[in-house]
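Quick one: structure below, then a few questions.
Chain naming follows the written order as A, B, C and D, and within any one chain the residues start at number 1.
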Amino acid sequence: MTTHYLILSALLFAIGGIGVLVRRNAIVVFMCVELMLNACNLAFVAFARQHGNIEGQVIAFFVMIVAAAEVVVGLAIIVTIFRTRRSASVDDASLLKY
Amino acid sequence: MPWLSILMGVSVLGALGVAFVKDDRLAKQATLAVSLVVLALTVVMTVQFSPNGDRFQFVETYDWIPAFGVHYGVAVDGVALVLILLSAVLVPIVVLASWHDAEAGKRSVRTYFSLLLVLEAMMIGVFAATDIFLFYVFFEAMLIPMYFMIGSYGGAQRSYAAVKFLLYSLFGGLLMLVAVIALYVIAGKGTFMFPELIGAIKDPTTQKWLFLGFFIAFAIKAPLWPFHTWLPDAAAQAPAGAAVLLVGVLDKVGTYGMLRFCLELFPEASKWATPVVIALSVIGIVYGAIVAIGQTDIKRLIAYTSISHFGFIAMGVFAMTSNGASGATLYMVNHGFSTGALFLIAGFLIYRRGSHFIEDYGGVQKVAPVLAGAFLVAGLSGLSLPGLNSFVSEFMVLLGTYERYAVPAVIAATGVVLAALYILWMYQRTMNGPTAESVRSMPDLNIRERWVVAPLLVLIIVLGLFPKPLLDVINPSVKETLTNVSVTHPAPAVAKEGQ
Amino acid sequence: MNITAPTIEYLQLAPLLIVFGAAILGVLVEAFAPRYLRRAMHIPLTLLSLAGAFALVIVQTIKGVPTEPSAMGAVAVDGPTLFIWGIILVLAFVTLLLINDEDHFVPAASAVPGSAEEERALIEGNVHTEVYPLALFAIGGMLLFPASNDLLIMFVALEVMSLPLYLLCGLARRRRLLSQESAMKYFLLGAFSSAFFLYGTALLYGFAGSVDLAKIDTALGAVGGQDALLYTGAALLGVGLLFKIGAAPFQAWKPDVYQGAPTPVTALMASGTLVAAFGALLRVFWIALGNLDWDWSPIMWAVAILTMVVGAILAITQTDIKRMLAYSSIAHAGFLLVGVVAIGDAKQNSIALSSILFYLAVYGITSVGAFAVVTMVRDAGGEAWHLSRWAGLGKRSPKLAGVFAFFLLAFAGIPLTSGFFGKYAVFQAAIAGGALPLVVVGVVSSAIAAFFYVRVIVLMFFSDPAPDGPTVVLPSWGTAGVVGFAALATVVLGVFPQPVLDLAQSAAGSLFVR
Amino acid sequence: MEPAEILSNPGGVIGVSWLMIALPLLGAAVLLLGGRRTDKWGHFLGVLMALASFVVAALVFFQMLGFAPAERRVSVPLYAFIPGVADLGLLIDPLSISFALLITGVGSLIHIYSIGYMSHDTDRRRFFAYLNLFVAAMLLLVLADNYVALFIGWEGVGLASYLLIGFWQFKPSAATAAKKAFVVNRVGDFGLLIAIFIVFTTFGSVAFGEVFPKAGEASQGTLTAIGLLLLLGACGKSAQLPLQSWLLDAMEGPTPVSALIHAATMVTAGVYLVVRSGAAFFPGDGTASLVVTIVGVATLLAGAIIGTAKDDIKKALAGSTMSQIGYMMLAAGLGPVGYAFAIAHLITHGFFKANLFLGAGSVMHGMNDQVDMRRYGGLRTLMPVTFITFLVGYLAIIGFPLLSGYFTKDGIIETAMEHNAILGWLAVAGAGITGFYMSRVVFMTFFGERRWDKDVHPHESPAVMTWPLIVLAAGSAVLGAYLVLSNRLMVFLGPAVGLPEELPAFHVVSPVGLATLALVAAGAGYAWLKYGRQEVPVVAPRGSFLTTFARRDLYGDALNEALFMRPGQWLTRLAVWFDNRGVDGLVNGLAATIGGTSGRLRRIQTGYVRSYALSIFVGAAILAGAWFVVGTL
């Protein structure tokens, strides 16, 4: 039973991960990360169900809060960069290398 | 009386003092004074040493880092004593010799001299350390002052030479570090004190690995063929004084380490490795001599002769006969004096003419007979002319080796012929023949320089005719070592009656 | 249903609470205090809170180390934690002295670089006094991270530590493009890796039915390996942690971020974050996955080797001083990992643990000192970042150059510097733990590493100064204090490491509580 | 009779016999350290020290004569040198004392002579310092009571010879000759060194007193090995084949040096070594001794042949020296009888060859240092004393009846003849050639018409130079008879080197002697035909292949060059190249490789955040995969 949820969450996680690798727009990349976090949540909830304790569900809430905080910080940074560079493409920001 | 600590303390305090003296001239004089005090103290200590007493004397042992079982343990046996004596004698001479060397590069004079004193403290410490960890600490820390002396005060290629010297030695040192730790862990005695670790490692395989760790470090330091290429660069680029301490003392730490640590801590492994080591030494002797013949740079030439000589020393150590080992130890001292004299006089020569290259000289003997004469005596000691110090040690080494390994000894003895070739040819090219235009106005040695050279030449001659005092100090310790290695001394084919 | 009120050991958690409290106060200051007062209020608040926290740590150490996890088993305030807290607080204190120093930070982060807006902000002399509360939050996170006894707290701590750092990275006054870029890179990659961490947590939770480290351990004992959830979970968890310490192959962010971030922040990351992350790493791998060491130690071997080699080799050809130091910190992370795998029986573990703790302490202090020196060597465009600009510094300002050279020698692990004993302790533990080959790789790579430290010394002392070489700014009392403190510590610990070693040993003696 | 055993120091003058060495050494030290300050009286000090040493030697000699023959071997220990290996000590016995007398006696004469000869040289003081140094070293060599001490003296004389050959070091030729002499000698010393090692490892000592009595107990192979290696040393010092090449170049040194070192004393050290070790390692039969005789004969012929073709008077004499030492070597290989004749010839040769060289020096002195005999001629009237004394020396060396050579050389020839006919006849042939080349020298120098340039004004040398000539000439004339008749020397040396069962009866006229005389006369006659009767061209004619062969020193140098010098230089260049490119190249190559790797690897850090993310992603995958692999193992 749980396995289906797990597979789904794994898929979501993978999609998110791949998204981070393939998408150029910083915002989208960041959303992919959020997707990964949500995949985690799904897993947590599913396991909570399986184990019959509520820890997992509690964790899910924590994760959401953290994710929200992350959004705040992330958007702040991305917006500043966008204002500076007039582009939100992560590939443009590649001065630091080698 | 804690002689050794006093010696080190005096030099360290001296170094600090000199570092803060504003006036350069005063700094020099202070350095000279301090080094002379150290020399005096060392002589007094040497007199108090009783050759046939306990092996280690003037023992001091305090806990340093109990967490690692590390002690501040210093003491000397005969071998260490003579080497400390060597350092203590050389430093004042070097100070006097490099009176003007530091000014050349418009660099801080007092730093140079305080580095010299720091180095002296470490040289004394490295020979005096009876705690292997302490030995290692000095072994590595010594590199730094020398590195700065070469790097800041050396010749054109100085930074290349300095880096090469530092990294090469550091690499060896780190390998040794692994062996040191492993020794501590495997021996499981919870201490680094050398006397307690003798015979602590039984298993032959372990011995072999640890031996390698130590030996490679020492072979690089000494340097043995084929780990030698840093030496010519370093010695040629270093200011003459630093070169003397580098070749005269620092490199001896390598051969000293072989005798003290490799042999006694890992006797089985040492015997196992002997064929290879002897082979390397013999190669080094002949190879170093041949390459020396082909050099065009005076200081590089001398450096290569030293490589040849270090071959002799290592051979003597690993011959594991009392003649070989005592000879090797004596060789360390003698080589310090003779090569020291060669480097210093070469330095004076270069200082006058401003060129390292042999072909820029010629006929110096006519204009500067004293310089030439001193150079000749030092050179003759370098080719180990009987009656001069090097002969005694070289003879003992060869004899001691022959007693066990005839063929290598015979091959090594050809080094005697080659030595005559490289020394005399260099002498002929620099000192003989029609006086070159460029040296026509070359002044002879001045008073200061004569004071630099005189003690060395005296030592060269006196130790050549009367080596017994040193040998009496050395022999008992060497015998001790060989007993710990448990080798049987080869008996003469026709036994002496009454024995 | 009735819920029993949780018991909270406030005294044990006091250092945490103080730092977080101060941080919140800082926020309030930002909110209500007039602009010209803020700095004046932040400085004492921040420094005092850190000092107070440190004092409390001392008190606890003297009072005796608690043997039970506190806060219902959420936070473990045990020997190692206290030691780590001590280190972090000291490092944080000195780093704040750097942060506190003038003009490291942008006057108006929101302003576009080179815009009129920024000009105005410059003229008005604005400063982002937010950096103080931000730093405090980060430090609080650092304190919690290694202390957290279950994976959830650890995750939260991780984020609390990271998020402020993301922002701080973007606040450099000069070379803002680089600064912002580094912020974004750090943020994206950090978030990415924490996602891995979280998924790993999830899987482990699925495996063990709990995120409590001790419970996971027991569950492991029951099953004894051979479980997909377990392996994947552990691996992903590891990714998150290894990322934070910057172990290969997860080191890519380090050079860029260290280079772009404002140097004081870099110092904070290089010291505090590393220490905290190692604390957490040890806790997870030694407690939660303690029974699994046969599985993970080979992997750690590989990671350690890779990290050391990559760090050492890549550093050789760096031309930016901060970037070079970043790679050196990667290499050092590798050396520390050597200690992590040096596990065995309890005694061996405590030896290894104490060696790591000692290493963290000495390395942290030295690197803060090094970065402090970097902040002082300036030319027209701010810090003289390019190594070639450092040529001949030894002539122009011998003292500073000498101190920096000394720090470099400490990094290289030359005897009579604290760095040597750090390396020595770890290597000894590793050999005792049977990781001899690892140590050999370690010494070889530290020989390679020595090259680039030495190269800087060559530049500073053996090569002649460039005509328009960088000037050394007269250090503020703060910076001067930091450099002096670091130098002193490096010397003293290089000659008499025993006291700190004793501390580390007594801290490690009881290992981690479960 | 076996050599007598060595007794302990009886005291008396013998007790202070070390003064023989110490005094000249002191002289040398004073003159070298004193520097220019001693220029004025330096040469006197030198002479004084040499004479003083001679006096001591004489006193020691007379004290020894007071003892019974069996008690004439005493050792005078000095001090401990290398504990357990060797102590410094002197062995005073008939052999060493006769050498000491020769060295100090002839040495003193040559010192005196040099006062005049070097009077124009600004460095005369240094010259005397070196001479004194030489005397001291040479005395240590012959007086040492063990091989190590002997070796010290052995290389000491090498040093002195180096310094004196290169005395005019500003002449490149001189400097080169000096270096060559030292290096070639070192080759010999190498042999001696190894011999000493074998001696020590075999007998556990290097002292003559301990080694010789036990020689019998060692295996034949060992003995032969020691013998041959000692011989190698002897060849180096005594310019025997194959190490002869340095001697002719050594004539670059001032003539007194050639007289003292390269004729009278040092070059005979090889003979001394063989005779000294004779009873133990060269018993007269056996391989070693055979080789010694062969070397001797070969050298005596080679030297003689070289002597025939040289126009440089000193080189002609040098060739003759080689040849004469060849005779001694030959004798030394013939056992007890041979030893005595070897030493006898050595002593007489010391006199007449020193006489000849100093004579040549006197001639050069009068001829502006001209050495080419083709530019001499008819000097007998202008330099009467030189001529007469030279003539005596000449007659002595060719073995004119009743003069020294007649007794000593013919003695050797007779002994060789009894020992082995071939050796004997070759020796006889050598005598014939000697007759030719010596006569050639005399004719070209003192007879015929005057061939020198206008600006040369030949004149007799001052008394300080002529008197030594006269003394030496006297010695050359009578000494041979004194030493050989009634086997005086043989008996005297008996305690030192042993005696044959029955002493050889010396008959003044013997078939071999007559044959020798005939050949010598023939040689002299041919020389007269060629150089006395018809006139001598000023420029040397091309001459036959044989002539060039002889002029080129039998291609000895060419051989060395082809065999050792060229390959040596080539090897050196190779080694240097290998050291820079090979060994050092490897080191730097390693460094370069690491640097290169770094340079390439850092490119991986592309700066694109997504590629970093990829690395993390892949890393995570690998980590998990690895974990599975390890976990399932």
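Quick notes on this structure:
What we mean here is this: a contact is a pair of C-beta atoms (placed from the backbone, for glycine too) under 8 Å apart; a residue touches a chain by one contact, two chains touch by 3 or more.
A quick map from chain label to UniProt name: A = NADH-quinone oxidoreductase subunit K; B = NADH-quinone oxidoreductase subunit M; C = NADH-quinone oxidoreductase subunit N; D = NADH-quinone oxidoreductase subunit L.
Just so we're clear, the structure is a prediction, and the values are computed from it rather than from any experiment.
Set side by side, the interfaces B-D and B-C show unequal numbers of C-beta pairs in contact, with more at B-D. With centres taken as mean Cα positions, chain D sits 36 Å from chain B.
With each centre defined as the average position of its C-alpha atoms, the distance from chain B to chain C rounds to 45 Å.
Each chain gets a centre from the mean of its Cα atoms; for chain A and chain C, those two points are 25 Å apart. Computed from the mean C-alpha positions, the centre of chain C lies at a distance of 79 Å from the centre of chain D. Among all residues of chain D, those that touch two or more other chains are 602, 605, 607, 609, 613. Under the contact definition stated at the top, the residues of chain A that touch 2 or more other chains are 17, 20, 29, 90, 93-97.
Listed by label, the pairs of touching chains are A-C, A-D, B-C, B-D, C-D. Chain B makes touch with chain D in their complex at residues 164, 168, 226, 228-230, 287, 290-291, 293-295, 322-323, 363, 365-366, 370, 373, 380, 385-387, 391-392, 395-396, 398-399, 402-403, 406, 409-410, 413-414, 416-417, 420-421, 424-425, 428, 431-435, 466-468, 471-472, 475, 490-496, 499. Per the touch definition, chain D reaches chain C in the complex via residues 591, 594-595, 597-599, 601-602, 605, 607, 609, 611-613, 615-616, 618-620, 622-624, 626-628, 630-632.
On chain A, the positions that touch chain D within their shared complex are 17, 20-22, 24, 29, 90-91, 93-98.
Considering their complex, residues 184-185, 188-189, 192-193, 196, 225-226, 228, 231-232, 234-236, 238-239, 243, 249-250, 252-253, 255-256, 295-296, 298-299, 302, 310, 313-318, 448, 451 of chain C touch chain D.
By the touch criterion stated above, chain A contacts chain C in their complex at residues 2, 6, 9, 13, 16-17, 20, 26, 29-30, 33, 36-37, 39-40, 43-44, 46-47, 50-51, 53, 55-56, 58-59, 62-63, 66, 69-70, 73-74, 76-78, 80-81, 83-85, 90, 93-97.
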